[in-house]
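Same chain, two partners: subunit A is paired with subunit B first, then with subunit C.
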Partner chain A sequence: MDLLFGILRFLLATTLLLLMTIPTAFVVIQMELKVIAQMQLRYGPNRVGPWGMFQSTIHGFKFLAKEDHIPDQADRATFTLAPWMVYMAAAMSMLVMPFAPGAIAADFNIGIVYFFAVIGLSVVGLLIAGWASYNKYSLLGGLRSAAQMVSYEIPLTLSVVGVVVLGGTLNFRELIAWQQLHGWMLIWQPVGLGIFYIASLAEINRTPFDMVEADSELVAGPFTEYSGMRFGFFFFAEYVALFIMSGVMTALFFGGWLAPWPFPAQLEGFGGTLYGLLWFFLKSYMFVFVAVWLRATLPRVRVDQLMGMAWKVLLPLAMLNLLVTAGAVLVFNL
Partner chain B sequence: MTSELRIPDPLELEAAEEGRLRAVAGLPPLKRGGGEYAGFESVGLPDRPPQTEREREVYTLDEGEMLVNMGPQHPSTHGVMRLVIKVRGEVVIDIDPVLGYLHRGIEKLCENATYTTVMTYVDPMDYLSAMHNEHAPAIAFEKLFGIKAPPRAEYIRALVVELNRVFSHGLMMGFLALDMGGLTPILYSFINRDDVVDMLSAISGQRMLFNFFRVGGVNFDTNDEFMSRLGTWRAGVLKTIEMSERILTDNEIFRGRTVGMGVLSGAQAIALGVTGPSLRASGVPFDVRKAHPYSIYPELEFDVITQAGGDVYSRYLQRVAELKQSIHLIDQIVDKMPHGPVQAQVPGIIRPRPGRAYAAVESPRGLYSVYAISDGGPNPYRFRMRDPSFVSLQALPKLMPGRLIADTMAVMASFDPVMGGVDK
Partner chain C sequence: MRIPGLGILKGMRQTGRNFWAPKVTRQYPEERPQMPDRWRGRLDLIYDPFGEHKCEVCFQCAQVCPVEAIDMSGFDSQGNRIRYGLPEIYEERKDPNAYRRAGLPAEPMRNVARWDEAIDTAWLGGVIDGFGARPEALIGIFSAVQERYGYLPERALRLISDTMVIHWAQVFGAAGLGGFRLLPTEGHLVTVCRCAACRFAGGDALLSALSDELGIAPGETSNDGAWSLETSDEVAAGAIAPAIRIDTMIYGPLTAVQARHLVAERRKSAAAPARARTASRPS
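Let's look at the complex of A and B:
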């Protein structure tokens, strides 16, 4: 009976999560359209629905209506596989996302390891998309993505190791409980937070590290030959990944579902779940907003500067941060 | 009898000619590597010698190199320019601009038009500086015909021309940022441009291709709408420029990508014929408005601004400085503008005496000049235009080898080419 219940719960949770990616992507895209428009002194979309609210939904349906074209010389099997891989990497990593107390799809003890393992899979999708398209821009974009994401994964993960050492757990829920006791991780790991934020922007190919697409250089990078819903999947995955990275940053450094100081940190029961959801989404979308803000402000860094930053600045800094953290944990018995 | 007649391979002829030229120039003979037809079998290319130069280029690529076709439908080639870039990984080895995708035969059109209607044809050449395009032929035709525009007309000309320079330089700031992935400055530039073109449309009736200059004057006098728009715009323009500048000038990423990038020395720039802001950014104080004064520029106070660096960042700073200088000039022009007619007496159909005239103006992209020959008829016998962006593009293949693909766009945008002018 327990097993059956477990299977049912898993199916329900995964379905919900898969469905959740769609409105998430819509909201993030809509936010990007509107926020960037305001920053650029434009109106932004304002025709579809009140305040243009359904513009991104229409974008989504537009992808469905478009011709799905596969180039003659492309490798059909891998070409069709690539969008799926990129999307699944984003969707699967949501499995351990700590939305609220009682609202974690799979609350297992190596959640953080699982998350970084799965989110790293998207590089495979981008690489094969670049290779399978039989297009020079795609190839260059795919190789860029491989170089960029593999290099940034190292400082990204190292910056999180500091958090894990301090919190003494690989489970998101326990980490948030630790933060409730000792204060948000942002106080304990400010350097780690900085490294994590920069590396996570690079990991999800956001400005100023959007080397993979780089529309003024590589047309659309690995997505150049994609059209219709296949392109839509890349597009979705990108924005879902933006939300996920913001969510994980919230969970790791900003107390996850915990409310900030003047409010009670947590509530009990079902109301507590809703209360947690509210704060989690508020914090996550704040970081989405910051990413959008950066996109409106900064130009793109060059590919060699990008790699130089990963290996010469972030990696040593992350190592140092880990060393100091581990030393402090040993000395002060934290 | 056996025929010895053989149609020579054009490429052989070309190689022979190249050898002869190198011998004359005292250079060692060109080494044609053993890998001339490398990769023939593996790629399955046809079993025949290459028919065109481009095909030969493809066959002679080394291991690890490839040709990337950037354009003419690339998102950031400033119109319909095509760059054939030979890359090894991301490093540019060679770059070959291919022009002519926007060729409309404007010179020939002008030779079949009367002197009055030439003004309508030159507008769409360099479409971001249409006023300058009209200014040069207007001066040249006045020289040919031996008339002078009234002083007020000259002031209005200088005014609209400087206004045009303001929005052109503003757009350059935006496009340079856009080619590096910065999305916002271009929007701010377009807000500024919109104000200016609204103003110019108030005086000329058109927003882009103004058709405002006439032989012996300008089409319309200033009107209230123009002057009031000018006042409103002048009150806020420095703020919009500062908004773009704040995003770019001290931005760490922007500086990291532009400082020391694409350095063009003064001597090199002169040898290539680069003029305008790009030349002055290399430290050469050459400004047509000072060097060969025309219109009312001798009466205005301004200095020739130069930069020392000669890199992309200097060219950007040069544009910003000139933009502010133009606003300063506009203030002076409005202050000093006299009253009077705006059009000299000219006949309906202008028939200058046979002769030739040359006129050069300082357009936002450099020395823009017109050379017109009259045979006494109602239309120019020969009408030749020198477009600065065409000449500036020559510098691109000199600057790019060894840089990355990403820098190609930055360096190209720093010369601010407009393909309408390059291809005419």
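Let's look at the complex of A and C:
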């Protein structure tokens, strides 16, 4: 009976998460359109629906309506597989996302490890996309994106190890419980937070580290040959990944579903789930907003600056941060 | 001291302010700008398909501009610097056209260069009457005037403008056409057409033959001043290529021998003093 219930729960949770990714992408894209427009002293889209609300949705349906073209020489199997892999990497990593107490799809003890393992899969998808397109520029784009994402995965993961060492757990729920007791990780790991934020921007190809796509220069790097909904999946995956990175940053450093001080940090029961959802989404979308804000502010960095930043600044800093954290845990017996 | 990341924060402050700042977008179909009644849009010169200005400095735009806002200068086809604009000196305000524009009865102009040129007004009036004083007859009248004086005296043009009630700008613009001269020149001007059609039909041979006959290179005048040789892109005789123009008369199609013959004939007749061009000008 327990097993049956478990399977049912799992099916329901995964279905809900998969369904959730599409509106999430729409909301994030809409935010990007509107917020960047406002920061450039424009109004942005304001014709489709009230305040132009459905602009991104219409974009999505536009992808559905477009011809889905596969180049003659492309490897059909892998060409078809690539957008699926990238999208699933984003969607699957949502399994361990701690939305609210009682609203975690799979609350298992190595959630953080699982998350970083799965989010890294999108690199494979991008490489496949570049290779399968039978286009040397797509292949180069795929290699560039692999180089960037693999480089930044190292400081990204190392910056989280400090959090894990301090919290003593690899489970998101327990980590949030630790933060409720000791205060948000933000206070304990400010350097880790900075490294995590910069590395996460590069990991999901956001400005100022979006040379992989560089819409205006490269015609979308590895996705050059993709059209229609296949391209739409890459596109969505990117924006879902932005939300996911913001959500994980919320969980790791900003107390997840916990409310800040003047409010009751947590409520009980179903109300508590809703209350947690409210705070989680509020915080997550705040970081999405900051990422969009950065995009409106910063130009792209050069590729050598990007690589230099990863290996010469972030990696040593993350190592040092980990060393100091581990030392402090040993010495003060935290 | 340089603080890493400070520049990013400054930039974000700017974009953050912009986020709340009033927007500059004009919602076009709903919000329409109030244009002044006399707004005529952006003024621009037009170009022909070859990318050349279509403006020929004919002054017609300046002439019709109701507020006299157009001031222009340029070179006419004879290379003379010409200018049209607001009357800047008091005398210029007495220009008949300034009166005409102001709706006042126009009087003959008093401050004209070469005003002292003697013009046979009765004869000119007869010519104009003979053509019926129609604007499209301007070219014919010009031809007659140039035939008599060897060039188009400014006074004659002013008289034509006043008598026929054609804007000075239009008369002057028409006088700038190829074949008319605005300055007195001694002797004959031989123009060899260099348009594509004429060159194709053997215009180069004509030019070298004439150069040889007259003993001068293109663009030069003979030592006694009686003959000048020049080339032009606009003899405008496409159907009779290759063509040459001697003063106002256009001849074509010609062979090199015929061209030599034409010039040689004229040189012979020019040797007779009674036919000398300068002699026909009244004193």
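In the analysis below, the second predicted complex is superposed on the first by the 333 of 334 C-alpha atoms of A that agree within 3 Å, B and C clash if a C-alpha of one lies under 4 Å from a C-alpha of the other, contacts with A are read in each partner's own complex, and residues count from 1 in each chain.
Convention: a contact is a pair of C-beta atoms (placed from the backbone, for glycine too) under 8 Å apart; a residue touches a chain by one contact, two chains touch by 3 or more.
Everything numeric in this text was worked out from a predicted model, so none of it was measured.
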Subunit C versus subunit B on the shared subunit A, clash or fit after superposition: clash
Which superposed partner A:Val35 touches (first subunit B, second subunit C, both, neither): second
Touched partner set for A:Leu121, first subunit B, second subunit C, both or neither: neither
First, second, both or neither for A:Leu278, with subunit B first and subunit C second: neither
Which superposed partner A:Thr207 touches (first subunit B, second subunit C, both, neither): first
Superposition-derived comparison: subunit B or subunit C, residues of subunit A touched: B
First, second, both or neither for A:Trp293, with subunit B first and subunit C second: second
Subunit B versus subunit C as contact partner of A:Ile70, first or second or both or neither: neither
Subunit B versus subunit C as contact partner of A:Leu170, first or second or both or neither: neither
Subunit B versus subunit C as contact partner of A:Tyr43, first or second or both or neither: second
Partner chain(s) touched by A:Met20 [first = subunit B, second = subunit C, both, neither]: neither
Clash with subunit B (superposed arrangement) - responsible stretch of subunit C out of 19-27, 73-81, 127-135 or 199-207: 73-81
Overlap of subunit C and subunit B interfaces on subunit A (superposed complexes): 39-42, 296-298
Interface residues, subunit C side, partner subunit A - complex: 8, 11-12, 14-16, 18-19, 21-25, 27
Sites on subunit A touched by subunit C in the complex: 35, 38-43, 46, 293-294, 296-298
Subunit B - residues contacting subunit A, complex: 66, 68-69, 74-76, 90, 177-184, 187-188, 191, 247-248, 251, 253-254, 256-257, 404-409
Residue ranges of subunit A touching subunit B (in the complex, touch as defined): 36, 39-42, 136-137, 140, 144, 207-208, 210, 214-219, 295-305
